[in-house]
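In this document, chain identifiers A, B, C and D correspond to the written order of the chains, with residue numbering beginning at 1 in each.
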Amino acid sequence: MNEKAVAYVLRLGDDALVAAQRMAALATWAPQLEEDVALANIALDLLGQARALLTYAGELEGQGRDEDLLAYRRDEHEFTSALLVEQPDTDFAATMVKLLFFSAYQRLLYEELSAGDDETLAAIAAKSVKEVAYHLSHACAWTVRLGDGTEESKRRMQTAVDELWPYTHELFASDSVWRGYGFDPAGLRERWLGIVEPVLAEATLERPVDDWAPTGGRDGLHTEHFGYLVGEMQSLHRAHEGVSW
Amino acid sequence: MTDLEQHFEDTIAADHRIEPRDWVPEGYRKTMVRQIAQHAHSEIIGMQPEGAWITRAPSLRRKAILLAKVQDEAGHGLYLYSAAETLGADRGELTEMLISGRQKYSSIFNYPTLTFADVGVIGWLVDGAAICNQVPLCRSSFGPYARAMIRICKEESFHQRQGYELLLTLMRGTQAQRDMVQDAVNRWWWPSLMMFGPPDEASPNTAQSMAWKIKRHTNDELRQRFVDMSVPQAEKLGVTFPDPLLKWNDERQHYDFGPIDWDELKRVISGNGPCNEERIANRRRAHEDGEWVREAAIAHAAKKAAVV
Amino acid sequence: MNEKAVAYVLRLGDDALVAAQRMAALATWAPQLEEDVALANIALDLLGQARALLTYAGELEGQGRDEDLLAYRRDEHEFTSALLVEQPDTDFAATMVKLLFFSAYQRLLYEELSAGDDETLAAIAAKSVKEVAYHLSHACAWTVRLGDGTEESKRRMQTAVDELWPYTHELFASDSVWRGYGFDPAGLRERWLGIVEPVLAEATLERPVDDWAPTGGRDGLHTEHFGYLVGEMQSLHRAHEGVSW
Amino acid sequence: MTDLEQHFEDTIAADHRIEPRDWVPEGYRKTMVRQIAQHAHSEIIGMQPEGAWITRAPSLRRKAILLAKVQDEAGHGLYLYSAAETLGADRGELTEMLISGRQKYSSIFNYPTLTFADVGVIGWLVDGAAICNQVPLCRSSFGPYARAMIRICKEESFHQRQGYELLLTLMRGTQAQRDMVQDAVNRWWWPSLMMFGPPDEASPNTAQSMAWKIKRHTNDELRQRFVDMSVPQAEKLGVTFPDPLLKWNDERQHYDFGPIDWDELKRVISGNGPCNEERIANRRRAHEDGEWVREAAIAHAAKKAAVV
């Protein structure tokens, strides 16, 4: 078993899973029906990525864990998703800013991985990069629309940008797992800024200063929100031991 | 009879479709708008009972299936509101009618989804009943509605098969899972039968609707078809329906079934179902929470238009 | 095993448990510090009642289930609490109206049970009746204060009364379990109205008409809120099989 | 020096207590109010990290213990605000200072409680550190504060024993439970050491506070006492502290320990701890949600007073 490969792929899978779980929870809550369809679509894409990645991580691990054992039978501290994706959707602004930051990251990382040596991972990444390109363009459009909309929408967007910005640093924090397999996202920060900064500028939003940079997610140390997310996600599965659904 | 009226009557008589550009009698327009709007509302409200299980779905595959289904329902709502708009209705006004409680939606969605088996039973029985109702509507005299129904029915059939497949899986599982299915069937059977509306003798508008070809069968005909279709499916699944009077009538070549509690239907329709207030309150809250977003989108579009 | 006794005591225990779980969730959210202390106190009383009652139900059952197995290892449909106690605390008005309705019921029922033949149950009831008398007087005081306070507080209280009233009928709905053991609360409705109606009147609140009367809780058929409540309550316990805490 | 000043100085010198009716220098009053208010705020904010586990406590006994503890903290907040009020402070204003971020609370509560073991470790280490800080405050020169501290210390000791007992139980449990404890200890050890404040050389107010006898020991003295007390407890428990430099110094008759990351403390105090925003936002929301209740209570009381 290539432990570093497992850890690497799990991070990608957990990111997608947690982002999907958050987005899926918004079903029926979008500000308009078209957006209900769009958000569900994005959640489905992310869920599909999570399933492919977790399945592959389980295969690499070779301990017989499939996507469901990995999603439903790990404890909170075993999930290595970034803190960004578990942040709550306090309003539609938070949802869109999170999607902007995360999909820009995913797009760059998947692009690199689609050209990588690991063929399975490359195939998953190649399929996913198209999906996240759509997520990104959707998030960009809303960011501009809401940043440069009304006074209230601008205020909400700026608040979301300010609150979520600190969590973006972790996406690019290198460590032995990132360096040990695939492509190290540490090198993507500049290109990521190259995507995000112009969107914020067009949206007449201020790009926050780089200051506080909380980490921990990659080592299983999450925020207090995460326990509730995992608890809810796993509640029914855990209530019935070893059955099929 | 004017030329316009004559053209309308001829179109109906020839089984051709009425299109948005055609003149229609005010009664036809009103009936059609109400029917389509109520159907659209039902799709939207119908997202809630199942949507509540998305975050807790017990496998990632089931989560994906459920999410896709709820997404389809949003899509159905969209086509249907669009169809209503071709008759001059305004989507904002229809939404207002829904969240103020002035327009109804299918009262089946006022029942709670208590376990994950409910997701399967809703697919099997509720979508099944909806399909019985809707297949004839693919031949509705109003074109946009008929075309929307063709697409919707196709997707609903898919949902129904998925629901039934979930139930088959659960019935092959543990006793707890089988109990869950039977319990869900017990709770959803009678409300499903009520989905076809009041009995024919208490359904005064049916005649006009059938004359206009916006309805093709009576409530009781459709209900009987649904019962006849469901009983063998239940047998195959290994569950029973909570009706001691349900049995094959060789003479009628149909299943007989017990009397429906129409008082319950009235009570639920008039607001006293288990979840009426919640469903409407959730919808209202989502609408209100989204207000600043919709306003900002309009403001942004106006700015862009001004620049150009 | 006396099945009817088990079912009877479980209902009482589940009522107290679910009410305690709801009330305990409000810790740190009260409108003033004194009320944080009071609500925690009430939640502790209810939790104590739940523990005593569930322990006793487990003993009556004789299958080795203790308070924790009964609280953490039953599925939603096995809980036989009334629908009233699982209703969400949408605001402080809902909390207080729920407490008014429920504690008046508990007070009357415990009073009867404290004079009953089952000595264990009588002892639990005798201890509890003093506690719930305090809960009731607390709820009465707030009901009057808020009903006859400002326009907004009156509106909120009337909304809560209207929304929760239908669920009070179930408390007095007789069936074979209630008739089979202890004291049948069906006979308490008039006395309950004798407590509640004057409070509503003093609070200048309207007593709703008796109309819709949802039931199901006593047979394990709950509202959609209940799944979340149970899922959250059991999440940690279920994540670790058979360990001590 | 005026008579009033002389009386104040004499009271302090004689180790008697200052009471609310006594004249005090403005500096003493201000320092005391700030100290008591920050302590009260810490109790209130401190309800949150543990309070979050009440609904998920894994046994009913632990749920009751935790709920009682959180209740005690609310009670402590109450006494302390009352003590501050005897110095002319207004509770509403103090609350305003807290939720606007102008007054601080112990920065330990800006760390998250990630597992149920955190509940035990908070009891053991955080309450333990609080007790080290607070026991000398039972002899504070300000009477109402000293008396509040006596009661609070008694309850805190009880909480500490309960926390330690929870950890003993977990350490006797499964490997997963033991890992949970060690992980929690790893996360809480350094923040606990920071609870004693900056090192003495960077603590300019200590001298005045000690002269006024509202502080009895320096930060570093108390920190050392806490370390010396905790190491044997950790050994008994079977956990280690995440400090490779921690070891007994026979000469000093104390444990040596590694350097503290004072930058982290500054960062967390200045607002960039993991949970600062959330803690304040939750408090603010609770306060705002309760506004209509407090207003109604006042309005009702006014009506009653008018009638009499």
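Rule of thumb we're sticking to: a contact is a pair of C-beta atoms (placed from the backbone, for glycine too) under 8 Å apart; a residue touches a chain by one contact, two chains touch by 3 or more.
None of these values were measured; they are calculated from a predicted model.
**Q** Can you name the chains that touch chain A as well as chain D?
**A** C
**Q** Write down the chain pair with more C-beta contact pairs when A-B is set against B-C.
**A** A-B
**Q** Counting in whole Å, what is the centre-to-centre distance of chain A and chain C, each centre being its mean C-alpha position?
**A** 41
**Q** Measure off the straight-line distance from the CA centroid of chain C to the CA centroid of chain D, and report it in whole Å.
**A** 35
**Q** Could you list which residues of chain C touch at least two other chains?
**A** 75, 231-232, 235-236
**Q** Could you tell me which residues belong to chain D and also touch two or more other chains?
**A** 56, 176, in rising order.
**Q** Touch graph across the chains, line, ring, star, complete or other?
**A** Graph shape here is other: it fits none of the named patterns.
**Q** Of all possible chain pairs, which ones touch?
**A** A-B, A-C, A-D, B-C, C-D
**Q** Touching residues of chain A toward chain C in the complex: what are they?
**A** 75, 228, 231-232, 234-236, 238-239, 241
**Q** Considering only the defined contacts, which chain B positions touch chain A in the complex?
**A** On the chain B side, the touching residues are 44, 47-48, 51, 54-64, 67-68, 70-71, 74-75, 77-78, 81, 116, 166, 169-170, 172-174, 176-177, 282, 286, 289-297, 299-301, 303.
**Q** Residue numbers of chain C touching chain B in their complex, please.
**A** 75-77, 163, 166, 211-212, 214, 216, 221-224, 226-227, 231
**Q** Can you list the residues on chain D that touch chain A in the complex?
**A** 49, 52, 56, 112-115, 176, 183, 187, 267, 272, 274-275, 277-278
**Q** List the residues on chain A that touch chain B in their complex, please.
**A** Residues in contact with chain B: 17, 21, 24-25, 27-37, 40-41, 43-44, 47-48, 50-51, 54, 67-68, 71-72, 91-92, 144-146, 148-150, 152-153, 156, 232-233, 235-237, 240, 243-245.
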